[in-house]
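Order of writing sets the chain letters: A, B, C, D and E. Residues in each chain are counted from 1.
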Amino acid sequence: SGGGAASPSAAATAVPSVASVAPSTAASPSAAASPSAAAASASPIPGGLLDTVLQRGTLVVSTDPNYAPQSVKNPDGTFSGFDIDVATEVAKRLGVKVQFVTPDWTLITAGNWSKRWDASVGSMTITADRQKVLDFSPPYYYTPAQMTASKNSGITTMDGFAGKTICAGASTTYLDWLQGKKLDFGTLSPTTTPPAGIKTVSLKTDADCPQTWAAGRNDFQGWLSSSTTVDGAIAAGMPVVKVGDPVYFEPLAIAVDKSGPVDTDFVAALKTIVDGMHADGTLTQLSMKWFKADLTQGP
Amino acid sequence: MAMGVGGPGLIGRVSAEDGFRLAHPDVIVAQIAASRARAGLRFRMIFVLTWIVLVGGLAAALAESGKVDPSFIAKWGPFILQGIPVTLFVSVCSIVLAVVFALFGALGRLSRNPPIYAIATLYVSLVRGTPLIVQIIFVYLALPQFGIVLDALTGGILALSFNYGAYLTEIFRAGVEAIPRGQREAAQALGMTERSIMRRVILPQAIRIVIPAIGNDFISMTKDSALVSLVTIQEVFWRAQNAGTQSFRTFEALMIAAMVYWVMTIVFSLGQERLEKRMAEGDVRL
Amino acid sequence: MDPIPVSADHHDPYAKPGTLTPAGAEPVVRAIDLQKFYGSNHVLRGVTMEVFPSETVCLIGKSGSGKSTLLRCINFLEEPTVGFIEVDGLRVAADPLRPRNRQHQEQIRQIRLRAQMVFQEFNLFPHMKVIDNLVEGPIRVKGLSRDQAIATAEKYLDKVGLAEKRDEYPGRLSGGQKQRVAIARALTMEPKVLLFDEPTSALDPTLVGEVINVMEELAHEGATMIVVTHEMAFAREAADRVYFIEGGTFVEVGPPDQVIESPRDPRTREFLARTFGKAHVPSADTDTALPSDADTRATQVRLKSQWSPGSQGATSYGPVGHRNEPG
Amino acid sequence: MAMGVGGPGLIGRVSAEDGFRLAHPDVIVAQIAASRARAGLRFRMIFVLTWIVLVGGLAAALAESGKVDPSFIAKWGPFILQGIPVTLFVSVCSIVLAVVFALFGALGRLSRNPPIYAIATLYVSLVRGTPLIVQIIFVYLALPQFGIVLDALTGGILALSFNYGAYLTEIFRAGVEAIPRGQREAAQALGMTERSIMRRVILPQAIRIVIPAIGNDFISMTKDSALVSLVTIQEVFWRAQNAGTQSFRTFEALMIAAMVYWVMTIVFSLGQERLEKRMAEGDVRL
Amino acid sequence: MDPIPVSADHHDPYAKPGTLTPAGAEPVVRAIDLQKFYGSNHVLRGVTMEVFPSETVCLIGKSGSGKSTLLRCINFLEEPTVGFIEVDGLRVAADPLRPRNRQHQEQIRQIRLRAQMVFQEFNLFPHMKVIDNLVEGPIRVKGLSRDQAIATAEKYLDKVGLAEKRDEYPGRLSGGQKQRVAIARALTMEPKVLLFDEPTSALDPTLVGEVINVMEELAHEGATMIVVTHEMAFAREAADRVYFIEGGTFVEVGPPDQVIESPRDPRTREFLARTFGKAHVPSADTDTALPSDADTRATQVRLKSQWSPGSQGATSYGPVGHRNEPG
């Protein structure tokens, strides 16, 4: 699941808006490998996803700009954020332009994109369930899932949540974990279990939870989200306190629709590009820029 | 001599000696009635058949194509159906509360006291001028700012009824204005006070005019209550979305939800039709 | 038009106690120098009318001449623009510039319950049974107990011959029955004067008779009545005085055998000719005048001179009790 | 002699010699008109004042309480307002398409051909029986299953217009049925065919009856278009939610959105009123 | 009731060519053994009627006697249950059990455009200007060019004296003007026969005259007309034959001076007495009968005997052109 928030000032750089397309200006260091390392290498499968993208010359990327600092739509209509920079760099290395669309998060995770967009560069957690409908690149970074409590609940330890109600965004892995479902992240699968006897509620997006407290409601006492979002909320003055260490780490990757055109070559190309970005420090640099921490190496 | 079409109608018999002999009037009446009944039956049968072909065909096509997973329906159907009592509870409470809002709203809109009229008009204008979805989230987030913290269910019901109250306000007002002027005049001529006239003469008649509209709004309400899913109320739509996203089968889940709502509205519409018929037949004619 | 003098002491020059009026009685209704504007439409241009107890006066005139307006000003369903209304000694002056204050409103209510109106369109309350229509006023307005009110109501329902319709809803009654219930509703308030605004105009011709019969009965029993009507037979038979109004002023006033049978003013004459056909143009011998539409109905009506309490004409309208016999 | 209240009205003067003398009728008329105008003006002033006190007071209270951040409005206001053209575009396209749907729907509902009637009835029943939110997501997810992939905007417009088309279908049908039977008979008596009668006599009259309803639906549409935000259309509501979530200020963002919708509906309502007035005054009386 | 023999060759025993009928002409309209049931309500019980060219026949009878039904069966606005309709040689048999097939529908359309109807309620198309009301039929139904149609329309609009209302909308016309436009609309189709269903019943009494004048004019110019009416003055003056219908059968048929002036059947006599007041009861000298409602209007109408082309009565209805003069 994606999730992160920061003050709008995090949107330091302007990135082209939905319709317009341009190479990344800020994100890509000179160390970037020569463009289209993967794209040029093998001839794409005719009619496949890679073929389609290269033919079109544009990579259409879905993003949910409700998650600062991963993805933000600025007041001027442009996008910015970690995911945006990653997507822009990926497109650059594919040798195509990038274009963003903004479907609802539940629609992205549901699969069956009907070729409306090519890939989701949206901090999506690789789960076994999602792998039934989506194909994933290797993780491009890992976010810690952070438990929080409302300031006036007085909760300071994980045990304090026992029997309380905890909020999470709809269709997130956080909600699944809280509801006791086994999260299958492969080697990174969490070993922790949620506090005993908790109840859950879900709001449309992660950021709705702390706002409910800020509004004065106390329908729930805890909130589970990515530490990046939590940091953003705290920075925005939400009455939130972190409780305990991260409960697990999520491997976040680029996703592609299984039901779409053949994508094996495209996924292979993604692997090459992501591995390259790890290797040449591009991802670390972007992580430091947006998160003030290096989240690209995992727990 | 005359060109033209058609022989005599079928009702009768032709004999050699006196040409055409007409059937007895009763026979004619019966034959025409039978022919009408046949035509009506045929119409209804084709109608039902068309529905079966369309709905059934669509279902079959989906099932065949493998796009729809029957095991999903078996697994999640009951979970979604459990939302029905919640949907109904929310709708019933909201319509009752909406009628209360509307009663006061309508009295305000009919008032000649300018502040009262202004307040009622602002209520109607604001509520009818903004999307329900905004209102629902707004009630959820705004009231607590003023120290009023309602649980989600109460808040959702309040938002829905506040919204429908505004629409019903105008319906009630129109209902009151539809009462012939003579009714008010007759009551005035008896020497009744304005209050009595409203309470004893105008409102009882207006309410009867307005009952069908309340019924319609109740039916809409069952559907619009889907929006309170946004504030964590686990009614049919919320459950469908939830089931859908969990199992990556939003399409099937929504289909089930749609069917649930469809059946509910059909049942309620039938109920309303019967109610209206009963009212029309009743002793009290307006 | 020059300013008209208005004085609360103006008197109706034509008013004089009727045949049934107790000696020395004051008028029950006085409309003094009454004027009414609708916007700039000058509908009543200063009319003065006095009606004594037990009198029946009829108001006739063309459509739009102001008959209904005058009647509706008397019980303040319309606010008069200039002049005074006095009912049963209660006097209220026209005051079109301000909303009425509480004291005025109460006075007007008192006038209304003394001057009960019967409407052309009946205006029964459709959601109440007949009996509830009748007791609504007495209970809410006069503060009677329900039992008292029902007793009175039943008396008058019986009077209009509809005792058996007590628990019917108005929707189930014929037009004539509805209007008789409306009359009973007015009577149940035991008013000082009854105002009728074309009570038979909305009725099927075959139903006019039953209502006219009730009204005649009332007139002959000494009820005080102001009746706007096109039923000349009724006016001729039951009216003590006929007011012919045109353009918002009284053009001719007098007993029916003058105003209807031998009108002096050409406008009255034209009105009668136009409205009722030439058969109504005065002729020396009324009996030989040929029957017309209106006269066909008139056969159901007994002439005042022939009338005696308890006698029933050829057409009866059911059981009718008789109140106080006029002396 | 008479007890009672009030002297003569104010219109005139009292003199010693002949008591009260009435003013000239023109003066009376003018005085009454002026008194009416004064009362009307006073009413309207109190009305406006009440609105200002209520709306302004609320705004001031919020600003004072520190719950509302003016810098947020300054920063994100323009971003949200940029959704207005999208909202309008979606609404206009949808209402136009809805009228087309409704035209066919109404013809179907009026048809005596059973399958056509059945299809039109199914359309109306299904669409009016399920929540719009379900329909919007459904169109988005279901059509691709049959190989029809529409971009989000087209899909959203289609869903909205399909929905409103069903409601308008019934309004159109009622409009057609409101045309007096004599119109059809007169056209039949002229020898016109059923097609001509519909096209030349019935529909042109029905459409004029139905225009106010289309106007109302357009106004509702601007609000219901908020729901297409779910399928990625960046109209007012989407932008408001987005701005709100990013900066953890959903409450303020929704307040801005609500104001935007409110102003839009007020403007459109005024436009519609004028249109209706113009129609009522026009040469063509129906 | 026993089976009635029905035969396509039945003839109207009363029908005979009218005063203006060309020699040797066949009937334009034949309704043969016509019966009509509404559900089990037996409204027409076998009527046979033949109308020759240039004849005017009037249909009179009580409300509910089946007058409108007969007229509406002739142009198939109602489907007859039994019998035949023949208009201008086109014959269509009743066929109530099946929907009409295409061929039948076309035949019926042909009959309709030959037998044009004028309705009580005018039924003008309110969204079209007067001229468009008139050309709609000719253009859509007869396939005329717009120019041709307008030329014809203007001719007939002029005939009914409303040339200057050409570009008005019907909403702006008086009732009488509306009905004259409706007549012009029917005439513009140049039909073989005109059917009038109480064309003056929806009119203010003061407007009846102008419509009657137009109809008289048409009758005298040799138009073939079947007229349902309560205007006895018109029937008396313009009709070649009067059919009195009661309970769905013809009770009395004959020239107006027989059926209206001296009816033989007691039912006819009762109808005339009840509907038109006693003034209509036959009397030896019509001129001395006292004027009544209907007669007041009749003064606007010229008697057939006095009528000559081009002459204008006291009340004219504007410029009127005259078609073929009857020989």
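To be clear about the criterion, contacts are C-beta pairs under 8 Å (C-beta built on N, C-alpha and C of every residue); 3 or more make two chains touch, one makes a residue touch a chain.
The shown structure was predicted, so the numbers you read here are calculated from the model rather than taken from an experiment.
Student: What chain groups remain joined by touching if chain E is not counted?
Tutor: Take away chain E: still one piece.
Student: Return the chains shared as contacts by chain A and chain E, ordered by label.
Tutor: In this structure, the chains that contact chain E and also chain A are B, D.
Student: If you check the contacts of chain B and chain D, which chains show up for both?
Tutor: Common contact partners of chain B and chain D, which must touch each of the two, are A, C, E.
Student: What pair of chains has the most C-beta pairs in contact?
Tutor: The chain pair sharing the largest number of C-beta contacts is B-D.
Student: I'd like the Å distance between the centres of chain C and chain D, where a centre is the mean of that chain's Cα atoms.
Tutor: 48
Student: Where the centres are mean C-alpha positions, what is the separation of chain A from chain B, in Å?
Tutor: Between these chains, centre-to-centre, one finds 43 Å.
Student: What residues in chain A touch two or more of the other chains?
Tutor: 107, 110, 112, 204, 211, 215
Student: Multi-chain contacts only, two chains or more: what residues does chain D have there?
Tutor: As it turns out, chain D has residues touching two or more other chains at 137, 141, 145, 250-251.
Student: Identify all positions of chain C at which a residue touches two or more other chains, and write them in rising order.
Tutor: Nothing qualifies.
Student: Using the touch definition up top, name the residues of chain C that touch chain D in the complex.
Tutor: Per the stated touch rule, the residues are 1-8, 26, 35, 37, 39-40, 42, 81-84, 86, 89-98, 103-104, 107.
Student: Could you list, by residue number, the parts of chain B that touch chain E in their complex?
Tutor: Per the stated touch rule, the residues are 1-12, 18-25, 28-29, 31-33, 35.
Student: Within the complex, which stretch of chain B touches chain C?
Tutor: So the residues of chain B in touch with chain C come to 180, 182-183, 185-193, 196, 200-201, 204-205, 208, 283-286.
Student: Please name which positions on chain D make contact with chain B in the complex.
Tutor: 42-43, 46-51, 54-55, 62, 65, 67, 114-115, 117-119, 121-122, 125-126, 128-135, 137-138, 141-142, 145, 223-224, 226-227, 237, 240, 250-251, 254-255, 257-258, 261-262, 264-266
Student: What part of chain A is in contact with chain D in the complex they form?
Tutor: Against chain D, the touching part of chain A is residues 5, 7-8, 18, 65-66, 68, 72-77, 101-104, 107, 110, 112, 114-116, 204-205, 207-208, 210-211, 214-215, 232-233, 236-238.
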